[in-house]
Structure formats: C-alpha cells, structure tokens
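In the two assemblies presented below, chain A is common to both, partnered first by chain B and then by chain C.
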Partner chain A sequence: MHRKNNWSSVSNWLGRYGTFSALLIITASFLIFIPNFRSFSNFKALMFQVSMLVIVSAGLTIVFSVGETDISTGAIVSLSGVFAAFLMVKNVSPIFAIVITILGGVILGAMNGIMIGYLRVPALLGTFVTSIIALGINYLLGLGSSIRITKELSGDFYLSLGGGYLLGIPIPFIFAVIITVILLILLEKTKWGLRMYAVGGNREAAVTFGINIRKVKLAAFIISGFCSSIAGLLLSARLGAGSPIGGDAYTLDAIAATFVGVSMFREGEPHIGGTILGVLIMGILVNGMRLLGISYEMQIILRGLFILAAVATAGKRALFRTKLF
Partner chain B sequence: MISRDFSMTDNLLELTNITKTFPGVKALNAVNFSARRGEIHALIGENGAGKSTLIKIISGIYNKDSGDIRINGEKIEISSPKEARQNGISTIHQELNLVPFLTVLENFWVGREDDFTKMFLNKQKMRSQTETIFKRLEINIPLDVPVKKLSVANQQMVSIARAISEEAKILIMDEPTARLTADEINILFSTIKKLAEQGVTIIYISHRLEEIFQLAHRITILKDGEVQGTIPIKEATVSNIVNMMVGQNYENRFKKVQIDPGDKVLECIDLCDKTKLKNVSFSVRSGEIVGVVGPVGSGRTELVKAIFGDNPIHSGKIIVDGKVVHPKNPASAIKNGIALIPEDRRGEGLIMHMDVAENVTLPTFAQWSPLGFLRRRLDHKIAKEIAKKVDIRMASITQRVRYLSGGNQQKVVVSKWLVKKSRLFLMDEPTAGIDVGAKAEIYNLVSNLVSEGAGVIFISSEIPEVVNISDRILVMRSGTIVKQFDRSEASEEKILNVILGGEIS
Partner chain C sequence: MKKYLSILIVVALFVTFLSACKPAVVTTTEPEKTEEVKAKAYTIGVSAQLVAHDWSIRAWEGIQEEAAKHGITVIQLSAGQDPDKQLADIESLIEQKVDGIIVLLAETAVLDQAIQKTTAAGIPVVFVDGGYKAAGVIQNISSDNCQFGEAAAEYIVQQKGEDAKVILQTYPVLEATNLRSECAKAYWAEKYPNVTILEELPILGPEWTADAQAHAEQMMTKYPDIDAFGVCSDLFGIGSSAAVDAANMSDQIMITGVDGLEQIIEKIADPKSSMSLTFLQDSKAMGSAAIVTMKTYLDAGCTIPMTDACKNIVPEAQFIPGIMVTKENAAQYVK
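Let's look at the complex of A and B:
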C-alpha cells in the first residue's frame, strides 16, 4: 500500500506534466540539434502542418467534454476533401461546394449525436459505424483514387485556402485560430459549455439539474462533424486534390492530442488549451522527424509509440473520461 | 431573515391511501402521510418497510398505483423528478449529486443559467445571487473551489442551498448524516432548523433515533409498507418507537440446530483499516454462525472485505485456523479457505449469462484441467453433486443462472465455494431481494454449512433473521463493534436499541 502511494504520485506527475515536459525537451533538442528547425520557413511549414489537426482536435475536445468519444473524425476529413473535389469536378462553384461539404459534415455529426445521445449506442460503436458509411461514400464518389482540384476547376480562391497567406500568416492557421478561440469561449464562457462539462462530469447530477442530456450530446457531435469537414476542405485545398485516405491519420492523432489535454488540465477533464498543447507536441515531433530524414514509414511507427507513451502515463481518470478504458 | 408564525395545522403535503405494488411485493399499502408547513417530519422504519418507496413516489421517481397527493389542498400528479421540482419538492440524496470538478458557483447555476443570460455567463450576477442565498442560510463556502475539494458536509450544503434557491417548499433528506462527522452534523442540524423556521417542510429519513429526537416535530413509523402511526415527538419514547417498528407478529421462525462449536476458524485482533474500521476484535469458531448487524456505513462490509483481502489492513491481526495470515488479495484469502458471498449477487457473485455448471466450477476447474483444456464432463459431474447437495432448483446443470430465481442464484454462489471445501463463509446480505420461502432455504443451507464444520459470518440488515439464525451477534457502529450478544440474551428490541443509539450497557 505504501509502495503503491509513492508509485502513484510519480505516475500522477508523469500523467499531468510528463507531456508538457516532453514538449519542452523535444523542442529544445530540435532547436539545438537541427539547424533547419530554427528557420523561419520551417516555422511556417509547421503552422501549415498543425492547422488541420488543431481544428479536428478542438472539435473532438467538445465531444470528450460531454463524456463521449469520436473515432469518425478522420473518415469525415477524408470524405470532405473528396466530396468537395467531386462537386467541383461536376462544375459546382467552389463556394457552393464548400457549403454543401460543411453541411455533409454536420449531417454525419448529427448522425453520431442521434445514435449516441438518443438511441444510446456506445460512442465507440456509433462513431465507427459513421466512419464506415463515410468511407463507403468516399469510395463511391472517387472510386478510391484522388480527385485532382486544378486551378482551372476551382480558381485561385479555393487553392489559396490551403496554401495562401494573409498578412504573412498561412490561411489554414488563421482558420485554426478562429475555430479554437470560438470553441474555447463556448466551453469556458457560455452556459452551453457549462452544461457540456456537467453532462460529462456527472450525468446523474446533470439530469437532476434539468439539463437535456440528449440535446447536449447531439450538439457536441455536430460541432465535431463541422470541425472535421472544415479540416477536410483545408486539407484538399492544401494538397490540390481530394485524397480518399488523406485524413485517416487524424482519428488517432486527434485522440492522442486531446488526450494530452485531458491529462494536464483540471485533473482529468478535457480542455481546449491542453488539446492545443498536445497538437503542438505531435506537430513538432513529425516536423523534426521529417527534417532528420526519418522515413515516412518509420515516422508512423514512432508516432504510434508516442501515443502509447501518452496513454500509458495518463491517469486512470483520463482514460475513463475519454471512454478509452 | 424572514420568520413567520406558521400555523401547525396547515398541511402543506398530504398523501392519502398511497399504494404501490412491485411484482410479488406490496411495497406500500394504503399509506396516509401529511407534513405541515415548516415542520420537520421524520420517517422511520426497518429496511424494506417502504420508506424509500414512499420517498421515490413523492419525488417523482416511481409512480403510485393508487391514492392521492395534495399540496396546499390541491390534488396533483407527480410523474417525473422535474414535475416534483416544479411543485416545490426537492430531494437531497445520500450520494454526491453535483459535478465534481466544476466550482461551487458553476454547480449552483448549471442548467438554469437562463435566469441571467441568453448566452455568456454573467459570473458577477451569479455570484451575488449565490452569496445572498448562502447568507440567508448562513453558509460559508468559497464559491470558486471545485466541489470535489469540499467535505461531504459542504457538498451537501451546496445541494441544499441549490434546492432552496429553486424555491423548494418541501425538502426530502435521505440519511443525510450517514457520512458526516459530529461537528458537521451539528451544522447541518442548525441549517435544517433554520429552514424549518423559514417555512420549509423537511421530510427527514434516518436510522438514528437520537437525531430524530433532536430535530423532528413528528415521527411517522412504517412497517411492511404500512403506517404504524404518526406521533408528536413529545409523546414518543425509544421503546414505543421500537415496538412499532418491530411489531408483534413475526412468523416463519427458523428452527435453529444447536451445534457444539469447535476450534477457532477465524480470530481478528484489533483490526484497523485506513478509513473505517477501528480496533475490531472477535472470533468465529467452527460450527458457529456469527451475525453482524449495524446501520449502513457502520463498517460491516469493510470488515468482511478486510478479512477477504479486498480492503487493506492498517494494523491488527487476522488469524485463520490458528495461523496469522496477511490476506493481500482475495486470491490468497481463497487459498486460506475463506469464501465471500458478496452483497451484489448479480454483479459480483455470478456470471449471469453462463450456466450453472460453469458458475459452480469457475474458481476451481483449473485444478483438474492441468493443460488448460476444459473437462466438461467432470465439471458437470462435480457441479451436479453440489447442486444436489444444496438443492438448486434448475432445469438442468446447463441452464443459465440468469433464469434461476434469486434464492437459487444465491445457492449457486455458495456452491462455488463448496467445491473447494471452504472453512469460513463471509455472507454479506445473503437474503437481500429473496422472497420469504427462499429465505428459509438459505437459512437451511447456512445451517448445513456449519454442521459440516464451517464457520459463518452472516451480515444482514434484517434483525429478526439475524436473531433467529446466529449463535452470537455483533453490533457495529461507526467502524467498531459496540456490543456482542449471545444467542440466549439476544432479542430484536435490544439490538435495535443499540443500533439506534440507545444506551450501551
């Protein structure tokens, strides 16, 4: 019993500050040992790289805050890119394609919300079902290959959403900042955020407080679907193509990033700020590995190991809270 | 502070002829109950008397079968907790009903922020309103602390204050002092009295008579789903309350077979755990049934869990069959021949979708399956022998335990430990939720166990059955044994007296 207490205080510390220390150590060593890492152009590249993950993870944080989880994010990201490209190939105007795609993301999110909030399907299963449906539509539209988005097709406007700058700042990054700030305010400053935290924190109490649990959960999943579709649009604009698998990695990366936030803030509660920190760790790690010339395949394995480390050091509460345990 | 003169004949809440039936049980039978404005009305009765059913009907969790509910003389229907709240009825539950990591202020307003705002939280306004209510109740709790950092008592205060701010006229409190210290109880009591002075009606449920004498204006006593009487506190005495709770008619007396006790199977010396148990010493001999009674939270369950290695011991000794043991986990306790029949039969005692044979042989089949392959035929043979011995009524040995009755399920739980020939059985509420006929069979089963030389610790909230079956009875209160009765001197009244906080002689 005594031994266990010592051990649990060590693992508590690791769970709360381990990832933050990791971020500092990783960044510091990259700054020292990789000359290119310090360059301004790399900094801009990093901003591009993390933008989409920030958006997906911020949406996922909302879902975590109501005590659920979402593994359909990556599939919605992929589908959204393919969908927008498909529409534009069919001569739909870029603006209209964007609107319809976002609507699609919202509908898939609502599907998650109805299954999980109203029909009481477990989140892991419900969002998995949605991701399979998204995958099916994805392959139906693009037959499993990328749909190119050429300049002739979409004009400068669409492609600049992914690769352009505004006042020297990458446009996807601006989107990421705007969405993050809106969701941060939603979660921390509005009555809806408070209700979300209440539903996730103690479901039974929330019921006696007269909160409509089902509605709150539906809203959370819709926000997540919305965020994933935005990320998908930006990704396709960046790649110049709707890639059928381009967004798949976001499912796990976003869970890992959000997880870091859950372990760090409010002792086991989801928090947008923590999520952003998690995304930065993931982004810096990938960026540094690329600069070091580590092969893409090896990068995937190392990223997997990093996620494993984050999960292994996180407290039981965080695992429980994110329905991963 | 508002203090008005409330006429004590003015019935705020009035229940007439409330009846509620569950499959097989009449939980409430034509119950009449009334509470006046500003009254503290205690509700008392043994487990299963119908207190919680009555409370759940008033607070909208259950629907009554028949009868009327009136508030201020006006007939109303309460079919959900929300409707109860709209009628001014709030319940303070035993367990924490707040969101642990949100602050006091956030917990106070979440779900009804609309009072202030369309969208953004107006913390300043929320704060000033909360402070007003806290001041009125003379509560002093910081508003920006997460409620999980508060003591249980303060968490309760937050719940009470929230109910009051929702303009609750009737406050139901279910065993509110179960987890409080003496000082905290005093604070709670002064708050309750203050609320009553301000015109709030309190329905107070407790096992502790001394509290009721301190607080209540009237007491209503329930027994077997019927009201035995409502008496003003001035006319009440411990003995007349106990008499009304116990009643005269106790049938189905079980015939105890006297066995000469053998060696000590278990001895506990000055057992303490980290939280609850304080210097618990007692012993169990082979052939002996030792009953353990005490209110919920008295440490009964903690005690058997400590013996079973499921609750770390801080100090003291456990001696099994003459040897000092240190049960680190249930596995080592099982090796020492100790068996636990847990309180939650379905959740912890059985695997409901597996069949009788599988459940019976689960802890032991590995002994005769050295390579890990199941030997179904042998499993079935062994399970059948034991099922016959304890008389499990089943279609076949391969029937799923889910389809057995409660009593037969309990027999399967016990059977698991008979394969191993366990020497000491720890039974935590073995007859809970079992109908009367099946209870007698459980008593016979326990009787057979001891006649074959086992020792049994029998925990139960039903005092009559403990009196009937036990050779000795231990009464526990706040983590320690306050009194031991021998079979010859034990009676329901004496035991109730000790449990309810009467004199310990």
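Let's look at the complex of A and C:
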C-alpha cells in the first residue's frame, strides 16, 4: 500500500511535468552533444525560427479554450504575407499595407467565428472552407509565385520587422513575447478568459450562467485570425517575400504545439504557457536535427511521432473538448 | 499511462538520434587514388528545396560522387519546398561554419534574406538550376532553360503548323520552369504570331501529375481542336499524356516537356503516346559541376566578399547542355 502510494505520486509528478522534463532533457542533451547548438548565434537563429509559430499557436490556444479548433491558420499566414507584398508592389505604403493585412486576417477570423459560433458549422469544416478561400485569394494575387519585397519597395522598416534586432533581441521574438503576454493575461486574469474556458469546458453551464456563447467564439476566432496575420507579416519580412506556401506547415505545427501544452497546467485545458513550451520543444528538436544533418524525411517521421505523443499526452478530455476527435 | 508513453516516445526518439541516427553527411576517409586530390578537406553544405524527383535525386548523386573524389564532406539539408524551412536550413549551415553552400533549387524571390546571411558570414554560394545574381553567389549552374522553351516552341510549329493551338501548363514558382514557358511565348510572339495559346495554367502542386492530368482532361473537353500541350516539366507531362492517351487523342495532340525523366522517355519512344519531346537535363553533371566550382574557388583561397583577383576564378554562369529527345531518337535513351 505504501509502495503503491509512492509509485502513484511519482507517476502523478511525471504525468504533470513529463513534457517539461522532456524539454529539459532534449535541450540539455543537445547542449552537451552538439557544439554548434550552444552558440549564441544559433540561439538567436532559434528565436527567429520559433517566433511566428509562437504567435500562431497562442492564437490557436484561445480557440482551443472555447472548445473549437482552427485549421485555417496556415492559409491565413501565407495569404497575409502575399497580400502585404502585393499591396507594396502596388505602391501602398508599408504601414498601410500592414494595417490592411491585419484587417484581412481579422475578417477571415470573423468569418470563421460567424460560421462556427452563429451558424453552428463544425469548426473543422468551417475553418477548412476559410483556408480554401484564403488559398484561392493567395493564388489570385501572386499566381502561385512568391512576391519579392525589396528594400526599395518596403524600406528598411518592414524588412527589419522580420530580420532585425531591438536591443540585441530579434524583433519577431519581441512581438511573440508581447502577444503571448497579452493573451495570457486575457485568458487567465480577465472575465473574458473565464468565459472562454467556461464555454469550452461546459457549454450548458455557460449558457445557464448567461454567457453569450456565440460572441465568445466569435472573439476567439478573431484573435486567432489576428495572430495568424501578424505571423504572416513577420514571416514575409523574414523571407523578404510573400510566399504562397510559406505558412503551410504552421497549421499542423500549431495544433501539435497547442496539444502538447494541454494539461500541463490544468487537466484537460489548454494554456498559453503550455503552448509556448510545446513550440519550444518542437523548435529545439528541429533545430538540433538540422545541426545533426538528419534527413528531411526522418524529420517528418519524427515530427509525426511528436504529434502522436502530443495527442497521447492531451488525454481524452482535451481531445473531446477541441472536437477534433 | 499516456503521459508516460509520451515521455518515453520523446526520450526514445532523441536517444535514437544521438546514438544511431544517420545524418545526410557524406564523408570520405580516404580520397580515391587520383592526382587531383588536395590536402585540405572542405565541408560543403547543400540546401535543397526538395530532393524527391529524378532531377534533384540525380543532382544530389552528382554532388555526392564528386565530393567523394575530392575528400569533401557534404551536409545535405532538404526543405520540403518550405521557404521558411530552407532559410532556417541555410542558417543552420552557416552555424556549422561550412566552407561553401550549394543551393539546389530554390524560389529566387525568397533567397534575398538567405544570401544576405551567407554573404555576411563570408560563405560563397553556388546556385544550381536557377538564376540569382548577388555578390555572395559565385556561380549559377543550369541548363539553358530559355533555349529549351524556344526549341520546344519551334518543334510544335514544325509538327503542327504555324497556326497551332496550344495549352500551356506552367510553374511560375521556379525561375527555371518559368523561363521555359516565358521564352516559348516570346518565341511564338516574335516568329509565329499565328500560334494561339488557348489557355495558360499554373500547376502549383503538390499533386503536380494528378493536377496536370485533371487539367488536360478539362481542356480537351473545352477545346476540341487543341494541337499541343506545352508543359514546363515532365512531371506535368506524365499526367497530361495519361489524359490524352486515355482519350485516344494522341494522333491529334502532342505534348512537349522538359527534364528527361525515364518514364517520359519511354513514353516518347512509344509511337502511340502523345508525349513527343523532352529535354534530357544532365542534373548529375550540374551537381558535379557545383562541387568542382566550389572547390576551385576555395582552393584559390577566395572567399566572400569576392576580391578582384577572385572574380575570374570561376565564370558567373555555367550552362550544362541538355539533349533534345524526340520520337526519332528516344529509343537510344530508354534504359
């Protein structure tokens, strides 16, 4: 009985902190075994590489918190980059291009929110429709090619958003920190956040308490669209071009990272902090695999296994909550 | 239990990497017995957009074999067509302090930031199958893709007449494939203005073959009098020719492509197939040439920025000739 209790508490500890432990083990091992991993320049490169995914995943966490999912994030990331580049080629000023593009992301997010919150379309279907529309607009604007963003078009300011530094810190990383802190406060410390968790946790109870489910879901999807458009702008600034396929990988990666974060802080519930850790694990894994020269095909397999682990970790409650399964 | 499983999976994966992973690194302990072996061992990074079709696989083989002859270590990273990933791959190669980088296919529009980084790091770049001019790129190696487009345009006119009706299947994402289509159009506009381009469609993938097939089927329904499909890549040709042949329209419609895939050459050799022309690109020679160029440049003690003394060490561009394969000579190229 005593041994069983000890084993049970160890098991609970590992269950609660397993993902965080995995992150520590992976990072420590890479630091020890891969000399190039521990260089300051690699650390800076890593900050650039994970920033956009952090932003997209943070937005997706908000959607998860209301019990829905969003598979249009990658398409909105791609479209935002192409749209901003398209506008600048048409001599729209960079600032104006940024504002219009963010507005576009918000509109697409609102479209998701209306379909899912008001018209009761299943989230997988609704956000899939949005992703197809975004893809179509994307190809209409760029005809399938990337649109180059030169210094002459955009000035130093725009490109520095994706590749520059402020006080030695990569600018995209600063954006990632600001956005995640704001969303963390929104979700954990405000009434809006409580309502979001309530809607995601128990719809009937939320209705009983007078929460407007439709408005809450609409807000969640608007936030996700906003985050995806910001990430798309930063990505296009980093690449120096609006790429029609630049955001493709973000959809699944953001879902995986958000799932990893589920249950890290509260059983069955998404959490911005957990999501960040999920992004970090993925980013560090990929960075290390690259430095090891591991083949792309093997990286895909391992990413798939990682997603499997994320799903296994999330638990039934989280999976049903997000209505992915 | 599930959480145990996840931890175990992650740790197991990771231990597997460190102990048993096979990185895509080619090293040679001893160079082959050749007089050209130099004492210094270089490490060259290869950033590939994708290594998943014949062309790029042959290019990679050329790189590996030539590197092995010279005792050069090669680190290959493939981006799966993701430009963000390709930029991160190049950053990783810079981090590993390679002596040179070969970019094997890339969308030139997204290369600016990557080449800025390699230039800042003083690492010379050779670009295979694209045209990208920048201070840090010491050479572009490719086939003459414009010449392929013009030759295909001329061949269609020779076979179908000066008032041929043509459908173009394009891939504007890559410089090489874009040049083929654009040069064909410009050639017709200048020399044969009565050639009619009925439609031009970008096939953006990733299901290139299936999409090209579906497109061809739709076009045959829409335009009963098509004379030819001009496709910028043999991957499209596989799909389009399947559609045309299945519709028993190979007597009416011919298809021209580029790349020289084995499957396409076999089709060209088949008198019943609509596939009529391709250009066999020697991508293996391109890969070899990239290593030779890089070695020549580095052996001369050159780096980036390129000094005046280094400007003439290697030419800015190198064209590797392709072979025009038609129904008349396809049999000799069938393997």
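Note that in this section the second predicted complex is superposed on the first by the 301 of 325 C-alpha atoms of A that agree within 3 Å, B and C clash if a C-alpha of one lies under 4 Å from a C-alpha of the other, contacts with A are read in each partner's own complex, and residues count from 1 in each chain.
Everything that follows uses one rule, which is that a contact is a pair of C-beta atoms (placed from the backbone, for glycine too) under 8 Å apart; a residue touches a chain by one contact, two chains touch by 3 or more.
None of these values were measured; they are calculated from a predicted model.
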Exercise. When the two structures are laid over each other on chain A, do chain B and chain C clash or fit?
Worked result: fit
Exercise. Where does A:Y139 make contact in the superposed view: on chain B (first), on chain C (second), on both, or on neither?
Worked result: second
For this session: Based on the superposed arrangement, let me know which partner A:T73 touches: chain B (first), chain C (second), both, or neither?
Result: neither
For this session: Check whether A:D248 is in contact with chain B, with chain C, with both or with neither, and answer first, second, both or neither.
Result: second
Exercise. When the two structures are overlaid on chain A, which partner does A:Y197 contact: first (chain B), second (chain C), both, or neither?
Worked result: first
Exercise. Put chain A at the vertex: what angle do the Cα centres of chain B and chain C make there, to the nearest 10 degrees?
Worked result: 130
Problem set entry | Chain touching more of chain A, residue-wise (chain B, chain C) | C
For this session: Classify the contacts of A:R148 with the two partner chains as first (chain B alone), second (chain C alone), both, or neither.
Result: second
Exercise. Counting only touches as set out at the top, which of chain B and chain C does A:E269 meet: first, second, both, neither?
Worked result: first
Seminar exercise, completed: Min C-alpha distance chain B to chain C after superposition on A, in Å, is 20
For this session: Mind listing the chain A positions that touch chain C in their complex?
Result: 11, 14-15, 18-19, 21-22, 25-26, 29, 33, 36, 39, 41-42, 45, 48-49, 52, 139, 143-148, 150, 159, 162-163, 235, 238-241, 243-246, 248-249, 263, 281, 285-298, 300, 302, 305-306, 308-310, 312-313, 315
Problem set entry | Sites on chain A touched by chain B in the complex | 1, 189-192, 194-195, 197-198, 201-202, 204-211, 266-269
Seminar exercise, completed: Residue set of chain B touching chain A in the complex reads 81-82, 85, 96-102, 106-107, 109-114, 117, 119-121, 146, 274, 312
Exercise. In the complex of these two chains, what residues of chain C are touching chain A?
Worked result: 2-7, 9-11, 13-14, 17-18, 21-25, 51, 75-85, 87-89, 91-92, 94-97, 107, 109-110, 112-113, 171-173, 178, 202, 204
